[in-house]
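Both complexes shown next keep chain A, but they swap its partner, so chain B is in the first and chain C is in the second.
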Partner chain A sequence: MHFLFKTRYEQDIALFKHGGQRFWYAALAVALLAAPWLLSEYTLSQITFIGIYAIVCLGLMLLAGFTGQVSLGHAGFLAMGAYTEAYLQANGWPFVISLPLAALVAGITGVMIGLPALRVKGLYLSIATLAFGFILEQAVVSTEAITGGNAGMQLGKLVIAGIDFDDGSNFYYLVTFIAVLCVLGVVNLLRSPTGRAFVAIRDSEVSAQSMGINLAHYKTVAFALSAALAGIAGALYAHKIRFITPDQFGFLQSIELLMMVVIGGLGSIQGAIFGPAFWFVVQQLIVTGKDWLPEALGQQTGLQPTIFGIILVAIVLFEPLGLYGRWLKFRTFLEIFPFYRKGMFRRQKSYMKSERMK
Partner chain B sequence: MTTPLLEAVNLSVHFGGLKAVNDVSFDVWPNEVFSLIGPNGAGKTTIFNLISALYRPTAGEVRFEGEVISRMPPHVVARHGIARTFQNIELFEHATVLQNLLVGRHCHRHTGWWQDLLFTGSVRRAELEFRRQVEEVIEFLDLQHYRDSMVAGLPYGVRKVVELARALAMRPRLLLLDEPSSGLNTEETEDMGFWIEDIKEDLGITVVMVEHDMSLVSRVSDRVLALNLGEVLTLGTPEEVQAHPGVIEAYLGGTADV
Partner chain C sequence: MLQLLQLIVSGAAIGCIYALIALGFVLIYKATETVNFAQGDLMMIGGFIGLSAMTVIGLPFALAFIATIAAMALVGMGTERLVLRPLLGQPAFTVVMITIGLGYLARGVVTMIPYWGTETHTLPVPWKDEVIWIGGEGSGLVVSVEHLVIILATVALVALLYVFFRYTRLGIAMQATSQNQLAAFYMGIPVRRVNMLVWGLSAAICGVAGLLLAPITFVHANMGFVGLKAFPAAVVGGFGSIPGALVGGLVIGIVESLAGFYLPEGFKDIAAYVVVLVMLVVKPNGLFGENLTKKV
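Entry: the complex of A and B
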């Protein structure tokens, strides 16, 4: 176990808390750089997808996991990003400008969808965002002149500074680079006053206000940033798929995104990456495992949603902190072996108000 | 000083037919400890909620340094230098003690979210300065041991102190304490008494406190306002108020929970 002897306040705001962390993140960086040489084209493509989904999940984590505003309409923001990118590219805009614009358009949509959050909370907010998600999907269908409606929209070749980014490994590098920037941005937010204001709003709105936090302002910022991240992911998604239709951004997509975040572990940045990674791995396992199952089971249509549903229920019941929480426990177990005891992570049950009576 | 720090002027709030606070007026002067007492349901917490603008008065107003604050949004009132604690403890449960206290510095931030996103030099400098200021509070209230603990795992007595610390981290000019000793054992209550004295003497912060423990009230208060059923019974020194026949009757006749 690491016992950190802190000698300077800087240590608490440093990106890496100790040398070990720096080592592992450096190792991860090397692995990410080397991946195109080590992995098959198919695997690399799956990892690219994980990167894209990690960006959306990061945004959703910021909103649901850190600010406590659950959104069931995130696929709508993904659509805004994807269609903005497709439209701008078709009109000859370069990627370095169209990507930020995709983020901006999605961010502005986020501000609008966040408006109900200033009035309603919890379940009612979720339903409001759900409705907005449907409206956005319909809007895409009906603005046929721009989006091609149900017929969909084809994206052109992605070329930046003369380099072909439709190529698998180039596109992988692009996605990884952008994902890393997004992670850094969110980490920065969370170690500064804005992130603390988000957490304060999540945990107690009354006392957040009484500490001088403007609820309306920070909820709006949270929605805007979350949607902007989804917009970035949407633009990358459009290039990855190369052909976008409204039904890719429906209600089910929103639900899946939320499930990824919950499975990864609400309230942790790592969870936003673990979630989609786990999702794709399990999906792969299901596809491969299908052939091994008895036909009656393997060929069932609802197999995949059922399995994910069961996993979700199990996580909510047994590991509310998600995969990241599980990983933390496992790591502690290794570090302090053999001193780990069951229940070490259990929080004290709610306090007794009548301690005085004892 | 000729103007009071805080003035409640003919303050009333009605919930449906219930007059929770009815035509209450009082002044709080700089650097005093002013206590509100009264049986349960007397309207003490409601008065706090009126001061911090969580409730809007049905009639009357609250002034802070002569300025009407009862029509401002709560976060603006906080920025004027009014901090508070809650009767049922409202901490940020899934954050560390340190993070809770740093939220206390929120009013004093100058950077915007776009700067935070990039963690610019000014954000870094401000963070280090906030940290230094928060450490002073941690030292003042002896919380060094709990600095990195999650609030969700702390015992009740410690939470109470953390909430006080978070309010102090705001460096307020007026501190509202809602039942600071409730749920504490005798020893912890003793400490709380010392701290309130130090907050007044050393930090020069004016304190308005709701409290049931009469020995704590007598020990630290300069003046006491007794309430019953939303109305003022009497105002005076702790001794005067305790000897007042109406107060004795309110406690004995009503819900005796002192």
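Entry: the complex of A and C
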């Protein structure tokens, strides 16, 4: 194992901590660039989906994992982005303008939902977002003139500067590029005072407030950014699916997004990518594994929710840091090979913290 | 006028269901400070257990009713013991996530159980499709027996709960635990066991709600989504207040019923959520909630 001997303060906030990280991330970048040549079209399309979901999860991670605010209506923001993009494209706006606009519209919705957050917190906030998600879904159904209602909305070809981006590998590059930009943006944000304020709010609202952090302001900013990221993902999702209907953005979608984030590992950027990646891989395994299972079990529609439900419950019970936490443990185990002890990552037990002190 | 009354009665009946589920939330929230997002799914399981007891085993309704309550109490206690107790002392978000996961899991598992499956079932209750005329046949108020049973059963159940919390040792112990766990523990109340029993009680109430709702909406795997409307009910009443849960449930039920008739299509389903958002902005503590501030 190598010890990081810090000699400058800048090292504390460096994007890459040491040469090893630089090497592995460069290798990942090369692999991402080479993927269209190595993988089949279907696999590439699945990876594109992972990229899109990684952007939403990144937003949700910022909100749930770093600011500590649970959102049960994130599919609503996804819908805002998707429908803004579809509407603008139908009216002839170029993608380079409509994508930021989709993010903006979703972000503004995020502020609107964040505003009640100035008054309510914790549980009430999750219920507010839950209510918002349902209302938005219904709003999409009701505004038929713009959204096509339950009949859905078809998207046109995505062409930027004369290049056809509906083509599998081009679209893959587009999504990967935007996803990498979003990751870098969030990583940078978390190094800034704003990001530090988010983490402080997550860890203790009372102490954050006493350190001079304006809770209402930062929570609203967190909501806006999170929603904007969901909006970007929504726009890409709309182009990927090419046909959007309100029921794609229902309550279950919100729940599944939250599950992805928790499975990936709350409080880590990597988790926001591990989560959707794991989700899609397992989904694929279930689809392939179905034929091997006995008929009575394999053909059940409930198989997938059951498996994901079990995974989620197991993760929350046994691995609160999610897949990223598991990876951390494994890496530590390798780094200090014979000296890994069982209790190194033990969860600290705390007394029940009551929210209702009088 | 008659029509308005009609809408209010049917709204109140559905409101009673919301109230019962909300009551389940509130009991658990008050006692253990955890929010159970799987409450609606507990109700769904209750509906299925009742269904199996009646159609597969062939019990008469009264016996099936008792069997469901007993089975649901076991389900609730088992959930607390196996899943929630190991998480004691973890942040609230963890518990929220685990109950969401349990609900998701329950919806999946239920569709895989033979006979339960993905189909919609009818619960053969004795009072199916009967109506009563109040104030003259053909001209007065028509009340379906299903609605009447729901309202009466809710009233009876609430009265029973009142007596239980007021006069029995266990009820008083539960009240003490919900007010201050530490003090209750010092007074010799086995807090953990009481919490387990609270979960059992809450699940049993949900089982009753499931049986009452079954004749109206039928029994199916997604029946539990009704439970999501119990959140607005609980918030309107003030989370953590038992009378509040009842009033909140009735308010949501009646508003929904009126919105379905007087407002354009689509408003019925979101009426509850609009009400709760307005409530959160105007009076976040609900009608009966206590004003809580966090102190260090």
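Just so we're on the same page, the second predicted complex is superposed on the first by the 346 of 358 C-alpha atoms of A that agree within 3 Å, B and C clash if a C-alpha of one lies under 4 Å from a C-alpha of the other, contacts with A are read in each partner's own complex, and residues count from 1 in each chain.
Just so we're on the same page, a residue touches a chain if its C-beta (ideal position, glycine included) is under 8 Å from a C-beta of that chain, and two chains touch if they have at least 3 such contacts.
Fair warning: this is a prediction, and the values are worked out from it, not measured in the lab.
When the shared chain is aligned, chain C comes close enough to touch A:Y124, but chain B does not. Contact with chain C, but none with chain B, is seen for A:I255 once the two complexes are overlaid on the shared chain. By the touch criterion defined above, A:F132 reaches chain C but does not reach chain B.
Touch counts on chain A: comparing chain C and chain B, the chain ahead is C. Contact with chain C, but none with chain B, is seen for A:V70 once the two complexes are overlaid on the shared chain. Touch criterion met: A:G212 reaches chain B, while chain C stays clear of it. Residue contacts after overlaying the shared chain place A:L33 against neither chain B nor chain C. In the superposition on chain A, A:P193 makes contact with chain B only, while chain C stays out of contact range. Of the two partner chains placed by the overlay, only chain C lies in contact with A:T301; chain B stays clear of it. In the superposition on chain A, A:V141 contacts chain C only, with no contact to chain B. In the superposition on the C-alpha atoms of chain A, the part of chain A touched by chain B in one complex and by chain C in the other spans residues 206-207, 347, 351-356.
Residue ranges of chain C in contact with chain A, taken from their complex: 33, 35, 83, 86-94, 96-98, 100-102, 104-112, 114, 118, 181, 221, 225, 228, 231-232, 235, 239-240, 264, 266-267, 269-270, 272-274, 276-277, 280-281, 284, 290, 292-296.
Considering their complex, residues 64, 68, 70, 116, 119-120, 122-124, 126-128, 130-132, 134-135, 138, 141-142, 205-207, 251, 255, 258-259, 262, 266, 296-297, 300-310, 312-313, 316-317, 320, 347, 349-358 of chain A touch chain C. Chain A meets chain B in the complex at residues 9-10, 12-13, 185, 188-189, 191-197, 199-200, 202-204, 206-215, 221, 225, 267, 347-348, 351-356.
On chain B, the positions that touch chain A within their shared complex are 52, 54, 73-75, 78-79, 83-84, 86, 90-95, 98-99, 102-107, 109, 111, 113, 116-119, 123-124, 126-128, 130-132, 135, 150, 152-157, 159, 166, 170, 183-185.
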